[in-house]
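Chain IDs A, B, C, D and E follow the sequence of writing; residue 1 opens each chain.
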Amino acid sequence: MQVGLNHFLVISTALFSLGIFGIVTRRNAVMVLMGIELILNSANINFIAFARFGNFGLQGQVMALFVIILAAAEAAIALAIVLNIYKTFSTVNVDEIDTLKD
Amino acid sequence: MTEPLMINLALMILLLPLLGFVVSLFLGKRIKAIYIFELFIIILTFAGAVTLAFVKLNYYQNTDIVSQFTWINFGNIPLLGQTNIDLGILIDNIAVLMIFVVTLISMLVHIFSIAYMKGDKLYNRYFAYLGIFTFSMTGIVFTHNMLMIYIFWELVGLSSYLLIGFWFEKKSASDAGKKAFIVNRVGDLGMLAGILILYTTYHTFTFSQIFAQISAGHLPFNSEFWLTVTGILIFCGAIGKSAQFPLHVWLPDAMEGPTPVSALIHAATMVAAGVFLIVRVYPLLTSGALLFIAIIGMLSAFIPATIALTQNDIKKVLAYSTISQLGYMVMGLGVGAYKFAFFHLITHAFFKALLFLGSGSVIHAMHHEQDITKMGGLRKKMPLTYATFLIASLAISGIPLTSGFLSKDGILQGSFAFGSLTGYWIFGFVGFLVALLTAFYMFRLLILTFHGKPRDQHKYDHAHESSFSMAMPLVVLAALSIFIWYTPNPFNPEQGAILTNWIKAPQLVTPQDTRYNFMKSDVPSGSVIKTVPENSEIMYSENYTEALHQAHIPAMLLSLVLAGLGILIAFIFYQWKKVDVDKLTNSIKPLYNLSYNKWYFDEMYDAIFVGGTLMLSRFLSWFDLTIIDGIVNGSASLTRALSIFTGKFDNVVVDGFVNFVAYLSGFVGLIFRRFQTGKVQTYIVFVVFSIVILLFIFK
Amino acid sequence: MNTISLQYLVDGLKLIKPEIAVTITLVLIVIVDLIMNKNKRYLPYIFIGGLVVTLYFIVVQFSTSSFAFEFSKNLGMVIVDPFGNFFKILIAGSSIIVILFSVISNEIKEGVDRQGEYYVLMAGMILGMFFMVSSADLILIYVSIELLSLSSYVLAGFSKHALRNSEASLKYVIYGGISSGIMLFGISILYGLTGSTNLYEINSLVQASQVHGFTFVLSGLLIFVAIGFKISAAPFHFWTPDVYEGAPIPITAYLSIASKAAGFALLIRFVKITFIQSVDPNGFWHLLNIIDWKTFIIIISILTMTLGNFAAIWQNNMKRLLAYSSIAHAGYLLLGLAVLSNEGIAAILIYFVVYGFMNLGAFLVVMIISNKLGTEEIDDYDGLGSRAPFLSVALAIFLVSLTGLPPTAGFIGKLYLFLALVDAKMIAVAVIALLNTVVSLYYYVRVLKHIFLNEKAEGTAEFATSVSSVVFIALMLTPVLIFGIYFTPLVDFAKSSIALMGF
Amino acid sequence: MNIYDIIFYLFAAITILSAFFVVTTRNIVYSAYYLLFTFFGVAGIYVLLGADFIAIVQLIVYVGGILILLLFGVMLTNKITNVEIRSGSIQIVPAAVGVALFAGIVMASMLNTKWKNIETAMPSATTQGIGLLLIQQYAVVFELLGILLLVALIGAASMARK
Amino acid sequence: MTYFPILSFITFLPILGMIFILFIPKNQATMIKSVTLLITSAQVIAALFILHYYNYSLGGINDPNSFQFMEKFRWIDISGFSWIGRIKIDYFLGIDGISVPLVLLTAIITFIATLSSWTIDKQVKGYFALFLLLDTGMMGVFVALDFFLFYIFWELMLLPMYFLIGIWGGKRREYAAIKFFLYTLFGSIFILLVMIGLYFSTSETLADGTKVFTFNMLAMMNPHNYNQFGILSPLNPNNLRFIAYIFLFIGFAIKIPMFPFHTWLPDAHVEAPTAISVILAGVLLKMGTYGILRVCFPIFPEITRQLVWYIALFGMINIIYGALCAMAQKDFKKLIAYSSISHMGFVLLGMASLNSLGISGAVFQMFNHGTITAMLFLIVGVIYDRAHTREIDAFGGLMTQMPVYGGFVTLAFFAAIGLPGLSGFVSESFIFLGSFGFGLIRVLTIVSTLGILLGAGYMLWTLQRVFLGTLKEKWSSLKDLTFREYAMFIPLSLIIIFLGVYPSAMLNLMNTSVNSMVKFMADAKVMYSSLSGF
């Protein structure tokens, strides 16, 4: 089968789903962040693939670029927060940090 | 004296006692002797009443004097037009006669009470209450409309509540007051319904206007049946007030009040108000209503008479006899003996007041001992009391030369004639039977109290004849129990002015075909008719008058024989002790018990209302001395049970539902809380699931 | 690829003066913070000054309606219209109030050496929100949301020592990260379907080609996730109670107003511009028959308000209670959108102004009490009525207003909402919303019960409230009461702001 | 099946498999390394899609920046010698169900949609075009990103400084 | 006189007083109380002024020209909403024969309640501030003719009431207060909804000829003001007027309170301090029936006509049910509370008659119930102040110990029973006369008369248990009334007696209005049936 748009979409959807799976199942906060990166990557694949196959020009790529930059910024902030958590809670296991609840 | 003057005089008679009440009530604490003011007021009132009666009966014999004013103006009501509620005064013969009786007895009771109530800490308050009672009673008599009757009717209820419960510290007294008020209200409900029907139909309360419309053929709901119902409903008020069967239970209890009060309200005036009410609305009563009235009257005459045979409390005997006598009057009205019934009302008022005051005198002398089995031999100690009491007893038994003979005989005669014309012989039969019973129990009472040997020596020793203020009323009333005031012929009352000129049968306004045959008028209906027609005999047909005449002699003789028989038996039993009473009672134990326990009304009503559930209480009530409360207790306990149930229902169900809603809200909140686990990843799982669900919804 | 002249940039810059002013303020704060690293007392006032200038620029161009950075005919990156300006004013105004909050907040004072960062981050949030309410391009929307989020993640965990601060920020960042990721995925699908990220362009493309289908719904829903996250609409609200409780009070207050307002502005703009077909003379919108927004928003809003109200019944922490209450209010506000009419939008705008005052007021009082008592637990409010009558009465008025009882402004907000609903004949929904109001009364009144009805055995000494606090509270109280009985200016203001660019 | 397809499947396999390991491996450090492979795979896919510039940026930023950052995170929050470097998973079942459902729906809708699919030649160089877009149409976004980075920097510093 | 805005004055005077009180230091308790007393007595004087200048020949109801002391000016006017027209809310006050008695009642009862509040010693300032706020709310409801304004006043009294019960109440005050609050709010949201619906269905023509939607209640009463498509417009074949009526009725019925929405009342009454019980029973309950009379009836006359039987039925249930519940109570105050339910049932019954007698009776009964029940609650208050218990069975024989008090008690009790010569009799009689005159509800009326029997039963039973019989030892130190208590009882007693003897004083006030109302309701049948075929 000729590799076409759908193939890329399958990859992106798989990445997206794995990302969410990772976010909800991993205990370690850093690994949760990795899940988020997977989601962002999947969206980027979409952007570029759609732009490529739909002949939408370079806009898709610019978006992907922005997303990569944002991902970096977000990772920085998130990691700083995780470090902070580690300092106060002495753990980075997300499921153990549940003092705020009903 | 002109008509306006008479109106003013009537107003004065009406309002003076109210003034007395207000003054005595508010100054009672400050001024010790304020009762003298009240006394003065009542004497003044009586003087006014005498004047009024004199003028009216002599100069305005055939004219009714009416004066009215607009109490409430509803303005121009849509659909009905201008609507007013008028209040007014009607002075006619029966009113002035009635007012004379009321004020006279009231005055005598006032005087009697001076000595009798001496030393009571609420002495002044007592006189104030007498004042308001007189006021209310006068009001009933003078009104020209149904609404005012109802108003004063209720006020009478209030004053009787106050007077019966005068010694409110005694639970039995306050119970009796309450019972009187509530039982009366039961009757009033019927009366209210009657008034509602009348007003709804005629948009007026005034008797003359209502009668005029009825005679013009305008009937409630356009139905003769409803006219009958209206009459019966209004009569319900009389059932309550005049203590007729089945609402008679309050009257014996009401004996908890001071004895002069009993004399005033339970003998002469308040209970007579019911009879007076029937007299007032007589024109609109159909034959059905009259028959109903007659039956009620008959039952009320008979049942209490049998109960009175065995009672030992001097006042209770008198109370039952009162009911019985009132039953006579009601029955008399029911069978068409209008004039005799009203006449009996007057004569009974005097001799029954006399009996009560006499008993009061005895009780006073015996230091509030009321049990006749503990009395005896008082004849010697209290000759005056005995003499007057004897006269009254003769009167109530219907012995010639007394007033009672005249009036009672008339009623018997009427019922006899009624039987012969309609075939309802039962009324006559019961009437005569009751005459026998009355004579017996009255003389039983008299003998046990005054004859024989004292059964309680200690109390006997302290007994003494009453002082002047107590004796004087006895004498006056005894005098009024003699025939001479009413008719020159002691065997025919119709020769006196009171029955020929003063009391006149009213013109009926009911449609012809709803009347008894003997009441069918010769005058065609539809013509506007004044309350008092020119010819008072117009109410009756010729053959009624005929039947009445024919009944006169047999009825008189029969009643004489029966009364004599009753007295004789009483003497045999109690004076000469020829028959061992205890043995006799044992041999007819069931009947004795029936009488002694007042016919077990409670059991009957329990069976009707509460059925088997109150089986147990029926057994217990056997031993209960207050078994009299039967009817009221039966219905009261049902009401109370119902009220407790509704109270519970309110708390548990209605409120419970509200609380359940609140609880449910909280529960929903709790469920929502469960989602808030504090674990962020769990939240995200929820979000994922939510997205999935939303996608399924909006696909 | 056509080239665009420099004029394009210059024209664009002229129209985004408020944003530029905020940016300059941001930079200024950074610089001043660096220069005067000992004395940071002036930072908030510099910030406020900058915001006042910003407000000036907004007011000046209030009724302008055009595209900034119009790269081709009728297609621009940024929209300047009264609707956006309204929200900018709201955001800038609430920012000023929150800055003043921060000045008197103990939690913020503790981090004295990081005051600079605090205000810079706030400025970042403001900038993010400004672009959120005015962008016409999905990518700009995404970036501005991220700017807002990143700043607020940090601010939520600003206080150093508090355990719950850190936890709040961690939860916020994870939750926020994933929702913006999901949104991005949705944007990518929308891009794939239409080939554009510009809302106007998408609209015209969709109108022309009549795109239908599930994928469109999917993308719309995925985009809604992030917006729902911002406005804390159920079922995307889960972060709200935890973060509101954990964050410093000024930030909580800020999130509950400004960030929510920006989210709503974005939602309204997104729904209306992307899916509009026409607006009839009565102001009702006719949307393209792609996504059943009406049903969707009704479901979400009923869910949101019911959940918020019912869950609030059980709360013992004041901030958490207010968090749930703000969820419930989001539900009410969503109803205004569900009407899909200009009138509904007006109702939302009115509600927002009112909500801003009353919610900020409530938070302010809670903060002052927290400063004094060191607690936010409702149980500790026992007997407050006699200890601090003014604060208690003020809080009572704010809470009553939040319930929506006359004669407070909260009633006016609700009134207009229900006016809109009844006019749109959505009676059943209105009834549900009203019943929710009754439920909400219960928990608001519970607070009042603790304040006024319960008595506390120990610690009954009165505590003084500083004059500045009193004045500040009075300033918040005044509009709540005034608008309750005279709301003409409020409605006029909202009325003049409902015009969205293009429609 | 031409060379393009083979390369695609290769990268696809690398991407998906390593992504799968990222979310399942218990050891965090391994997980981070699998993430490296995922990024590589994605970069390769970018290349296949003709986005050369983005692919490079992906490598530089993701591999050079973000991944290192994450590794730092791992290091700073776990003692490397500690056995506790392994990290467990939670709520696998609900997560698996939910995600599977979700993924199924998304996948189904993606595959069943008729996307715009216009056959075009592979673009030769994208850098210039991207650059132009950045300073023209997307200038404002670009600037905003700059501010965002500044804010993120300050924020991260502030957060970590405590 | 015509230019002096007396209605605004009487309504907002308490608010001014409240503001003034807020500035008095809180330890000046006597001063606070005196100011309140001053304000409330000024209100009474103002009410008497109104009474004096009241024109008896003007009807009111639906005719804007025959309302009196009208104040009308534009309050909110927002133009430019092109799609919903202009938003216009008037500040519109005015009174007619139906509101005058209630204005008077409010003034009197508040005054009496102020006297009764003299014993309050906890947080005096707060108490009286809230008290005055409540006063404004109540007065406002009775004078407002704009629905919006009406609603504002309606809700305004909720919160003060909550606090007054909640802070100064008895043991279970919190429960009672919140129950009151939730219940009544639940009712008022329905009112709000219907109000909005009506707003969109009616429009008013302004002087310049433009048509605008309106909250004006008088405009809502004219079917010609309805527009074609309004959901509550009789012109709209698919209108929701029936449902709206039910909603509105429930909203008001909760306040009355009508079975089965009454359960807040016993709790609220029992827990509230005496003065607040007095206000609650004396004035607040009337707001429900007033609302029905002022809003439900003339705005929805055709639905009212359909539903009168049910209204009367609920009236009957209230009468009987309330009386039976009262009989089962052990708590004196709760008994009175239930008797209130019973008595308010009469008002419902009277209104359902739709004729002059019945409606006059109903309005008059509102006034009388206000004074009589106020007195009953004061009576309970007096005894509770002295004995600190309200258990009926704990007492006995108090008449001996406190004869004057006993006298007032007897008067009040008999007034409650409906004894002639006292005001309650007149109103109850007219209610019966009126409702019996309406064939449809005749049977209900007859059943309802049982209420007066039951009323006599529980009242006299209570009188007996508390005041008659022998005095219990522990009460032998109770003091009779103080001067202040005289000042509370005497005016009420005089009113009760005066109106019992001369009811025209009150009836003449409302005759014209009641007749206009009846005429309007009768005409409406034709008018509405001609509109859209029902």
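Operating definition for what follows: contacts are C-beta pairs under 8 Å (C-beta built on N, C-alpha and C of every residue); 3 or more make two chains touch, one makes a residue touch a chain.
From a predicted model like this one, the values you see are computed outputs, not experimental measurements.
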Under the touch definition above, the chains in contact with both chain C and chain D are A, B
Two candidates, A-D and A-B; the one with more touching C-beta pairs is A-D
So the chain most remote from chain A by C-alpha centre is B
Reported most central chain by Cα centroids is E
The distance between the C-alpha centres of chain B and chain C, rounded to whole Å, is 80
Taking each chain's centre as the mean of its CA atoms, chain C sits from chain E at a distance in Å of 43
When centres are defined as mean Cα positions, the distance from chain A to chain E in whole Å is 65
Per the C-alpha means, the centres of chain A and chain C lie apart by a whole-Å value of 26
Listed in rising order, chain C residues that touch 2 or more other chains are 1, 139, 143, 146, 150, 153-154, 157, 169-171, 174, 178, 182, 189, 192, 195, 214, 218, 241-242, 311, 314, 442
In chain A, the residues touching two or more other chains are 16, 19-20, 23-25, 29, 32-33, 35, 44, 49-50, 54, 56-57, 59, 62, 66, 70, 73-74, 77, 80-82, 84, 87, 94-95, 97-102
Two or more other chains are touched by the chain E residues 182
Pairwise touch list, complete, is A-B, A-C, A-D, B-C, B-D, B-E, C-D, C-E
Seen from chain B, its contact residues with chain D in the complex are 681-682, 685, 688-689, 691-692, 695
Residue set of chain C touching chain B in the complex reads 170-171, 174-175, 178-179, 182, 214, 217-218, 221-222, 225, 235-236, 238-239, 241-242, 291-292, 295-296, 299, 306-307, 310-314, 439, 442
The answer for chain D against chain C in the complex is residues 105-106, 109-110, 112-113, 115-116, 129, 132-133, 136-141, 144-145, 147-148, 150-152, 154-159, 161-162
So, in the complex, the side of chain B touching chain C is made of residues 662, 665-666, 668-670, 672-673, 675-676, 678, 680-681, 683-684, 686-687, 690-691, 694-695, 697-699
Residue set of chain B touching chain A in the complex reads 673-674, 676-681, 684-685, 688
